[in-house]
Amino acid sequence: MTDVAPTHIEAGASLWRDAWRRLRKNHLAAISFFLLIAMVALVIVGPWVSRYSYETQDRELGAAPPSASHWFGTDDLGRDLFTRILYGGRISLMVGLCATAVSLGIGVIYGAVAGFAGGRIDSALMRIVDILYTLPFTIIVIILTVYLGKSIVLIFMAIGAVEWLTMARIVRGQVVALRHKEFVEAAYVMGLRRRRIVLRHLIPNALGPIIVYTTLTIPQVMLLEAVISFLGLGVQAPMSSWGVLIQDGAKVMEDNAWRLIFPSLFLSITLFSLNFLGDGLRDALDPRISKD
Amino acid sequence: MRFLLGHTSLCIAIALTLSACNGQSGSTSKSKAPREGVLRVAADAEPQSLDPQLTTGHTEHRILTSLFEGLTTLNQKTLEVEPGVAKTWEISEDGRTYTFHLNPDAKWSDGAPMTANDFVYSFKRILSPKFAAEYSYMPWCIENAEAFNKGTIEDFAQVGVKAIDNATLEVKLAYPAPYFLSMQMHNAWFPVQQATIEKHGKIDDRQSDWILAGNMVSNGPFKLAEWKPNELIRVVRNEHYWDAKNIKLNEIEFYPVNGNLQTAERMFRAGEVDTIETLVITKVPVYKRDNPSVLKLEPFAGTYFYRMNVTRPPLDDPRVRLALAMSVDKESVCNDVLFGAFTPANALTPPGLGGYTAEAGIPYDLAKAKALLAEAGYPDGKGMRDIEILYNESEDHQLVAEAVQDMWKKGLGINVVTNKQEWKVYLSSMTTLNYDVVRAGWIADFLDPMNYCECFTTDNGNNRTGWSNPQYDELEKKARHELDPKQRFAYMQEAEKLLLSQTPIIPIYTYRQRYLINSDLQGCDGNILNYMNYKYMSVTRNKS
Amino acid sequence: MIRFILRRVLGFIPVFLIIATLVFFLIRLAPGGPFMEGERHVPPEVLEQIRESYNLNAPLPQQYAMYMWDLVRGDLGPSMQQPSRTVSQWIVLRAPVSVELGFYSLIVALIIGLSAGIIASLRPNTLTDYIPMSIAMAGICMPTFVMGPLLVLIFALKFQWLPVSGWDAPAEKILPSITLGTVYAAYIARLARGGMFEVLAQDFIRTARAKGLSETRVVLRHALRGGLQPVISFLGPAAAGLLTGSFVVEKIFIIPGLGKQFVDAAFNRDYTMLMGAVLFYAVLILIFNLIVDVAQAWLDPRVRYD
């Protein structure tokens, strides 16, 4: 492994450097990138600055529309929505990133191995995916709450463990299509090791769909988190998350519109940024476009 | 692309065919447009079954009272006992023997006359051990019924139910139950027809399909015309009903909303239904403000309370329990948190149940609560471990739990955590005493405070707190066998006082039934059992 | 190809049995059972009897053996919570509704998703890219439990054009199909854009363009084949999911589909119903993933059947 390391780093560095250069030229992607950073900074720093805690109740006030003292209004227990959104953002962003990372890690490697190995191994691995698809999610979550207790880490595991299946299928589809291409055949002929072919040639060439599906997985897991919290695994009241806040807000959208609009706004800004950043990254990383 | 196009058009073709088929099969049920004499109801849930002896839910009860009728019924407004299948009855001196004389006009919906044997058969069915009805304990007040149900005696002739002749039924009770007549409105007591049951299965067959439309024979003011699960239950006038001439409605359509109260409210607003069973709680203030004439907020015989696990320190100390109970500001819970939809409760039994209103109560008194806690060795909550409030998934429970959490934290200085569990997990935790504090609710089955009193005896399966008090058990037993109504209530008052002073529970609020009803529907007066006697209802459409 | 399909279908059998076995034991690990004390106490004798009548008191291996024997003979047993119909009857009753809703939603999703994705991919990073993609993103930012009620408030209550709930008249089917379809449209648009973009940059497209073929022809005849590869990978499980119903949409619009049946069975621990629903879903997943694999091979001749 040591003898190939230098070229590896060099090649990798130039790939990413090129990508970064192209990414900066894509204005929308650049704006999205900074918006995301700003969002992360806001949810980390914001709660310290806020006058309220996520659990400070003002029951006599109840659900009140936005005002000077409560910028985003309050909920049924008179809690400051702005503060709750910031705290909730911590949970949602953390869940979104970690669960997606788990699903990405498992899904990409699994899919690539299946697609590259082909034959019996491929069909066995893909049938396992089929089997996992059918396991009833609700029951798994219920079992997890009982046998493993409650913690945020568990949510990541539960969600990540469910979300990697489609990713694996997409990566496998790409790899199968790429496997017989000239550059892969060439790599074979050059006597490269399989591991290296998969990591250096197949996965980078499947990066497009991987990035796109990753940006799709993040919103999915953020909303799944709300479902899981509903079942009792996940955030415990009075702590909240964007998914839970939106779910609550949706129920009172006619009479307390602000309770739906503000958390949705935060979620949407994040998702739009992720989406455009993802597309920008995808375009920038595409090795074939570099000639243009 | 050709592949895709071909695939898509194939999909469209299949979908169109499917919808065409569906359209045909669905054409029997009409659209939801308002029609003369047809009551359209948004029911809270799809009934688990329409077998009156197998169902346990409230929604089922409201549907079943249209299809079946017991020996007696209740007045919609006053809840006084009125004749049902029995026209008259006599009660013996000792209050233990009831003799019912059936109405000679009482018939099944297939025209067959009703006999006393129908009731003997029905009571035998619900008590059959193999039938395993969840409500089989309801008729345990009948002599030897419990023993037969539990399989210790096998001969049903020993149970205190006897058909003297075709028109006379005699029931012997194990103890004088003054509420026996008013209990007959409950679906567990409804008669079923032997011929129908045995045409579709054995007497104790739980999976029988006799309850499907076309198979069912019933004896109520209406009969089942159509049952499309999760879509519609349609019942139409039963011309064989003994009082058919006094029935004003032609049809009732029940649309189950599957627990989605938001949609139910929208259906009402769009004019798709005339009444909804339960209004989503967040809409209560909106209707109070904008449209009070359609909103009904009626007292309801149910109590929302917290159980405390007295087997776990520090909750084994009655002073700690009382301190916790006294620091719950129920006014704030009801008015600030729950939109003024409920009434604060200081006692377990809802006021006015069968003429009984509890004299004892736990008031909100933070100063006294603090003193009690200090006396128990936890001044300002110091030294007290975290207390966990367990509840099942529902926003209302969560709001209450969060409010109580805040009250205990701020008021007593105790650290409180909330724990939400899925329904069946929550039930397991509660029944195995695997909790500190757990949310609970209790709704009266019939019009008598005994509903509540019996729950907290040592052996009662509804106790679920680990609390046991021989004096309480004794008082309950005395009340059960007492004939004099005054003395009976006095025993129950004493028992409730004892219960509240020992505080295994924290009463929080008395339920109120909250529903919507449009101006076309008359005679739907509320009552504390939320009991529906469709005989009194009529629908008049204003042609505008 | 026929041989490939036959072999895969034969392979379904062990997979199906593994799923049945796994799920059989898995659902029994969840606390509580179909028959337990409810909010009200049920006498233990009664519970014992009910469990007896469903053979739930037998040792687990025996229960398993009996279930599998019935399954092999095609008998899924009675529903434990809704005892008047058997599980098969319930599925037959509910599946057509879910399949119908799934088809409509899929059509909505494909029409919106593919057109948005393909248009966006033609001129990347211009307004013709951003506008359709932003519209498609709405389906992601607005989950069904927001989109559904919102559509109802606008089209049913404000304008009174469409009914609030139900699944009988054609008008009742519009809002649910749109609600469910838009979510999938967003996914399809994103995947299609990425895939198309990649293919359009490849040499054979340049060649086609250089040959003077019209742009429409280039896109429709040449690029789509490869470009839709990721969409198709996604569609297999998505379609199976769509056809077995969506709990949220069914709940919002009160649609008597399989999705609600499925989730309720999990909550009620209705073992037989849950097994039936899972196995039905399993069959769909297996079939759709097979269709996807065949479609992929058909679209891209480099993929071999092996």
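Per-chain numbering from 1; labels A, B and C assigned in written order.
Convention: a contact is a pair of C-beta atoms (placed from the backbone, for glycine too) under 8 Å apart; a residue touches a chain by one contact, two chains touch by 3 or more.
It should be emphasised that the depicted structure is a prediction, and the values quoted were computed from it without experimental measurement.
*Asks:* For which chain is the distance between its Cα centroid and the global protein Cα centroid smallest?
*Replies:* Smallest centre-to-centre distance to the global C-alpha mean: chain C.
*Asks:* Between B-C and A-B, name the chain pair that shares the greater number of C-beta pairs in contact.
*Replies:* B-C
*Asks:* In whole angstrom, how far does the Cα centroid of subunit A sit from the Cα centroid of subunit C?
*Replies:* So the centre of subunit A lies 21 Å away from the centre of subunit C.
*Asks:* Between subunit B and subunit C, what is the separation of their C-alpha centroids in Å?
*Replies:* That pair's centroid distance is 36 Å.
*Asks:* Can you give the whole-Å distance between the Cα centres of subunit A and subunit B?
*Replies:* Once rounded, the distance between the two centres reads 45 Å.
*Asks:* Would you please write down the residue numbers of subunit B that are in contact with two or more other chains?
*Replies:* 262, 422, 424-425
*Asks:* At which residue positions does subunit A touch at least two other chains?
*Replies:* 142, 146
*Asks:* What are the residues of subunit C that contact at least two other chains?
*Replies:* 30-31, 149, 153, 267
*Asks:* So in the complex, which bits of subunit A are touching subunit B?
*Replies:* For this pair, the touching residues of subunit A are 55, 57, 59-60, 62, 76-78, 142, 145-146, 150, 230-232, 236-238, 248, 251-252, 255-256.
*Asks:* Using the touch definition up top, name the residues of subunit A that touch subunit C in the complex.
*Replies:* 26, 28, 118-119, 122-123, 126-127, 130-131, 133-136, 138-140, 142-143, 146-147, 165-166, 169-170, 172-174, 176-177, 179-181, 208-209, 211-213, 215-216, 219, 223, 246-247, 250, 253-254, 260, 264, 267-268, 271-272, 275, 279, 282-283, 286, 288-289, 292
*Asks:* Considering only the defined contacts, which subunit B positions touch subunit A in the complex?
*Replies:* 262, 280, 282-283, 286, 332, 336-337, 393, 395, 398-399, 401-403, 405-406, 417-422, 424-425
*Asks:* Residues of subunit B touching subunit C in their complex?
*Replies:* Touching subunit C: residues 1, 3-4, 8, 11-12, 14-15, 18-19, 21-23, 26, 29, 31-32, 48-51, 54, 56, 129-134, 136-137, 149-151, 206-209, 211-212, 228-231, 255-260, 262-263, 266-267, 269-270, 272, 422-425, 427-428, 431, 440-441, 460-462, 464 of subunit B.
*Asks:* Quick one: in the complex, what on subunit C touches subunit B?
*Replies:* 30-33, 36-47, 49-50, 53, 78, 81-85, 93, 96-97, 99-100, 103-104, 106-107, 110, 149, 152-153, 156-157, 160, 163-170, 173, 220-221, 224-225, 228, 251-256, 260, 267-269, 295, 298-299
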